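Presented below are the structures under discussion, each in the form of structure tokens.
Next come two complexes, and both contain subunit A; in the first it sits with subunit B, in the second with subunit C.
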Partner chain A sequence: MKKRPHIFTRLLGDSKLQPFVIPVFSVVCSLAAASIVLLIIGRNPLIAFRSILQGAGLLPRGSYSAGKGMLTDLLNTLSALTPMIFAALGVTVAFKAGLFNIGVSGQMLFAGYIASVTIGYSDLPAYAARPLVLLIGFACGALIGALIGLLKHRFNINEVVSSIMINYILQYVIGFFILTRHIDPVSRQSVAVSAAARLVPQSVHYGTLKGDLPLCILLAIIVAFILRFVINRTRYGFDLLAVGANPKAARYAGIRVGSTVVTSMTLSGALAGLAGVTHYLGYYNSIQPKSLTSVGFDSIAVSLLGNGNPVGVLFSSLLVTVIDKGSTYMSSMVKVEREIAAVITGLILLFSACGAYFKYLAERNQLAATGEPANSEKKDDGEGDA
Partner chain B sequence: MAEQEYIAEMRHITKRFPGVVANNDISLSIRKGEIFALLGENGAGKSTLMSILFGLYEPDEGELIIRGKPVRISSPSHAAKLSIGMVHQHFRLVENFTVTENIVLGLEPTRRLLGLLPYVDLKTANREIAELSRRYGLEVEPTAVIEEIGVSMRQRVEILKMLYRGAEILIFDEPTAMLAPQEIEYLLKILLSLREGGKTIILISHKLAEIKQVADRCAILNRGKLVGLFDVADTSTQQMASVMVGRELAPEEPPPPMEFGAEVLRVDKLNVLNIDKFPVVKDVSFGVRAGEIFAIAGVDGNGQVEVADAIAGLAKLHSGTITLAGTDITGASIRERTELGLAFVPEDRQSTGLVLDFALDRNLALRRYYKLPINVRGVLNNRAISDDAVGLIEQYDIRAGRGGATQVRSMSGGNQQKAIVAREIETGAGLMIFVQPTRGLDIGATRAIHRHILDQRALGKAILLISLELDEVMALADTVGVMYGGEMTRIAPLSDLSYDEIGAYMMGVGNSAEVTE
Partner chain C sequence: MDVVIIDGLSYALPLLCIAIGGIYSERSGVTNLALEGLLGAGAFIGALFVAFFGGYFPTGSLPLMFIAMACAMVGGALYAMLHGLLCVKFRANQVISGVVINILAMAITVFLTRQINSTLFKSSDKIQLGVSPRFDVPWLSKIPIIGAVFKSVYPFEVIIVAVVAIMWYILYRTRFGMRLRACGDNPHAVDSAGLSVQRTRFAAVMISGALTGLGGISFAYSISANFSSSIYTGAGYLAIAALIFGNWKIIPTVGACLLFGLARSGGYRLANVLALPSSFSDLIMILPYVLTLLVLIFFSGTNRAPRALGEIYDKGKR
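The block that comes next holds the complex of A and B.
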């Protein structure tokens, strides 16, 4: 505290640049840590990072098999990116209202399953099926979110506890129905949904190449901007932020805290539902019984890395998805085990969670600088020095 | 040796924070066994200076001399080794530990069971602490659990904590800010008995009356500089006040007489239960007229705050009715009350009155963001929010580094309170409730808030003031209601009451048959 060089403040303290600088700083830290891991096992980190980008379709690979190219990889990355964006936006809305939606995976599964059995296994033509899939996903996610919100509002059940429990219930109940009614005996997954209902048409021709057509990526980007507008510029957003930042003051200001909690959790669930259908009826076309996707959990870190900003979430989703998609290729190129690739993803997520800490450090230094010693001193307890 | 006279000396201390000189070439010498007061407005640099002595900061320039030896105090634990202890404004106690457990924490006296198993010898510790407590008249029960004791006793536990660690120099940071009048008296007695016991006391305060009562010498800081050093016995509080704010300070004028208008607020047989279903407000009835300041006096925790919360809609009432400007608002929502003309300055400005993480302009809009011109069909007009803020910042002299965009968290307490008062006055409500409006504020800010309250009265607003500071009640009220044990035991015009009489009712020894309602 006493003689901290103020370079840190200069680097991270500018509150205008902070929303950009801190996530970048987190990423740089994590890449440095990943490099150390790679150096320890005797690999060249630069080649490893390049092969991640190649695997995700952001750089050309050395060679491609017939009908494939950089575009194929890129489109595949984008179709994996879509559910990640929706899921992270769902987490972000909840964070803004002071809630922690750890049940995104369960909400995704519920939305994906209901959309599969209602539309995915029907003969509806694509123009009817696809909008219906999105609508049902949205509604199913909202339903679970509303339930969690109501449990908190009416019975004061912590949303973390209820959403984890609901995750389990959905995982096994839906697993039971898939195993007894919709199981594909060959793949051990649920029966594949119809191509018409699938939100990512497969093997579309792009000149000589073939690849996915990630239809919903545009929707995800638009939703992110809409969400930013809703949070920052609308009356509902004001209520939401006030409840999240200080429920007592929100109540004092006449905001109905309970109903804001329920609506924000509903919105969070609805976005998770969109993530569910773009995952199970988009990137994939079936559901693995009795398991939850990791997307729902990774999205928490993605939301943190995005600094709670819906547009920032677009970038952090891209980063995490690229690493996730590229790590397969990296493991074959630089001969590291896929587990090491997972370690690197984990490191990035770990450092992203430190963003809040970096921000705290920067602000603590900042406070001393704003000429409000009366205030900064209250926070100095000196315990750190003792 | 002359050196021996001073237990602590600070020579030419300068401490800079980027952009501000918090302490500018301050030299002070503190004698052994005196009560030395450090006086100054918020932000004058008192806390910084004491933090240097306590090892939280190192000075950029200057030196510290403790008991004749130059030292660099590198940390609070180093300060403790030099027998310097500090009672902070916000206590650091473990809620579910007993008094003794809190005090011995980190220095537990251990013994060995059968010469083998180490255990904490709480029995001996309890005895030692009871003995210490008795010696200085602290009256602390060593086996009481912290969460079950009040603010005043918690503070005494903090004092014991220092004494147990052998502190000789005791620094008190605004020790009376959260105490009721009798508790303050009690604390001042304790300070005197500590001095008697040979301890040296440094008292950070901006309450002149207390300093006058107990301190031997008094240093006054203003904007980081030492502007005065007085022997308290030879100096009037008026002199100290003018040096402190850097100008002549006229005594507060009594409010001019007012013709009261129609009754704006009527509270009838109000009963409020606390969370354990225990009655905290019992059959309270009173009315406030237009142009009247009705002050509720009472020691903290006698139901005053609950009365205010019930009127504002923040606390549920058990029975009774509340009427605002002829409309029954007993079951109305908070926003309906706002719309009917109720403004409320809450007791806790940081946890209730403000969203600390919001910018100032949004906090100033907290009462009307949902209405035109800010809310246009669900979309907020940010221009209107910031334009409003610019006006209020100017009009109410709210000092904020980055204007409307300043994070409220980074503002000083006085300016935070000015922001709340500005916002509430701007609602144009006919009834204004102020709960402890000047708690913890310095003289300048207190005066500003008092002026605003009186201006509102002159405009014919009905004002309900709840204050623990009897001086504030005496300075502002037209009518006083005293609460004790959840009941309103006396209601009378201020002119019919003396200071002592109100004090007697506050302690529950008045004659409750005299309630005029």
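The block that comes next holds the complex of A and C.
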């Protein structure tokens, strides 16, 4: 009865390696699909992918203008990476409790706006302004998150609907205030925040090169590890996972489901707030009125690709940010519209959404190969991740 | 007053069409956050037809528009197959699948629109459709106040009203509709009656895509007059709010969509009458969303989602 395991099973079947193998498998599949698209329109995919890496500062380009180098590109990528990590961590915390925070963009906008108005337009010195910006961002995001959590807990309003509504309300109300009070007539954006408040100092000298100094990237990485500790090693983390896996069972076990829902949404919002300040007062220094950043939506995808693991999120954020940052350079190198970057990201997500199915297939093949009867409990495993 | 009703209806009816698409999918037990993406994908296929074959028709011809609408429905249904495949066959988390479908739809349609335009037509980043012609219903439009409902009607509004009536009949009065609803509430009962839950859900998701595509191309033919990334204004999400507000039932959802449409056009009219500067119209734009939130706060206690909504059907599960 013993059969040689299928190649697919050998690749994906090892349950210890699955958290790494499945995302990598998704990325490879989507790059293959993107290559086919590029080949159809007659471009060389290898050159396209290389120029993405070059544009993001991971490989040297052919030539640079004065004062710029690979380091400049890399630092710029890192400063775009910071908000992505925070936002994706926010989504991850909510996912763990079985909640879906689609309102990250709105929370980012709110935090960014309030921090700009209070600290960004003041003349506080850098050592006071920067910590305050982070603090305000954290608090503002937490406020919106708590509101969504309360609406869910008290009034039974689906968090997806309430956060979408809140997204629109914030977008228009803040747009109104920016357009009437803080508009820069030239750029049609909000007035730039002071350099002291900006979390990413610009044009810092590194030898002969100039570049950004992405201060908060370290904070983002530390937060990711703290979050991993909280989720895996503390009682609160256990409550979170229990509520996410089965709220009814959690309630029988004596876990306060309502307060767990509210706190996880608050924490998620707070992280989104940090993403907001590192985006609007870091990577950028102004806010475009009446628009939400795509970071908030991409972060959902990034969190998914990171398999709901805070440290995995670090890697998936890097991947998505690199593709996004490199796409402009690629677009000019191989003459293809830069929107293909979004297509590649979308395809990666599509394949990672099938992750549970890959897992299920691999397990079924494994069972078939070892001759054991398939049991339904094993099948259910795949669904718990999200 | 007439303007409020005319504009309100021309926004509410496509929204209703999309919301009913959502109802079909959700009543069969498949959460559908992908409406925004399906709307865009459907409208894109319709617009693509116009871009390639529009030259063979006289400008502003109605047959062209009707064929574009049919294409949008087919396109929406085909793209919805992806959501069906992920949710029904591949056991993906339905919420995640919906978001992924949205992101992918925006990426692909915007990319293809630009790529096709730059290589084939050497033009800008949008496909021009023009605004659909309007007509007055002969004598009904003469009635005071109510007559506004029949004044300067878009042809697609008539089609949508007909489609909605048919969809209501199918969902509540046919065997297929009953099975579909049963799949959302008690899939095991459907299975034990010897029917395939998977197949019914797949069909429901495809119908959802077709209806959403029709709604999408209607928006493209009225509000934006072209296909570009501006089609993604969040109407899909608003439709989700409308159907939840309507408690996953068609008739209350009609009311919800009318409320959204009229609140929107009424707000614009108000800003117009009070001669407020244009920045104030942004504040008025929040009206439908604030209304939704308030209404949900008061009514969502009695809301009941389909019991098996969002669950992957597993035969062995009790």
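We adopt the following convention: the second predicted complex is superposed on the first by the 354 of 386 C-alpha atoms of A that agree within 3 Å, B and C clash if a C-alpha of one lies under 4 Å from a C-alpha of the other, contacts with A are read in each partner's own complex, and residues count from 1 in each chain.
What we mean here is this: contacts are C-beta pairs under 8 Å (C-beta built on N, C-alpha and C of every residue); 3 or more make two chains touch, one makes a residue touch a chain.
As the structure is a computational prediction, the values presented were derived from the model and not from experiment.
Tell me which partner A:I148 touches in the superposition: subunit B (first), subunit C (second), both or neither.
Neither: A:I148 stays clear of subunit B and subunit C.
Who contacts more of subunit A, subunit B or subunit C?
C
Touching A:A253, do we find subunit B (first), subunit C (second), both, or neither?
first
With the two structures laid over each other on chain A, which partner does A:F238 touch: subunit B (first), subunit C (second), both, or neither?
first
Just to be sure I read the superposition right, which of the two partners does A:A272 touch: subunit B = first, subunit C = second, or both, or neither?
neither
Shared contact residues on subunit A, subunit B side and subunit C side combined as an intersection?
Overlap of subunit B and subunit C footprints on subunit A: residues 376, 380, 382-383, 385-386.
Please name which positions on subunit C make contact with subunit A in the complex.
33, 82, 86, 89-93, 95-97, 99-100, 102-104, 106-108, 110-111, 114-115, 118-119, 234, 237, 240-241, 244, 279-280, 282-283, 285-286, 289-290, 292-293, 296-297, 300-301, 303, 312, 314, 316-317
Applying the document's contact rule, which stretches of subunit A touch subunit C when the two form their complex?
Residues in contact with subunit C: 41, 100, 102, 151, 155-158, 160-162, 164-166, 168-169, 172-173, 175-176, 179-180, 290, 297-298, 300-301, 304, 336-337, 339-340, 342-343, 345-347, 349-350, 353-357, 360, 376, 379-380, 382-383, 385-386.
Looking at the complex, which residues from subunit A come into contact with subunit B?
Those residues of subunit A that touch subunit B are 1-3, 6, 9, 233-238, 241-242, 245-246, 248-254, 256, 367-378, 380-383, 385-386.
Within their complex, state which residues of subunit B touch subunit A.
Subunit B residues touching subunit A: 17-20, 22, 42-43, 45, 47-48, 51, 54-58, 74-77, 89-90, 92, 312, 314, 333-335, 337-338, 344, 346, 351-358, 362, 366-367, 369-370, 375, 378-380, 382, 401, 409-413.
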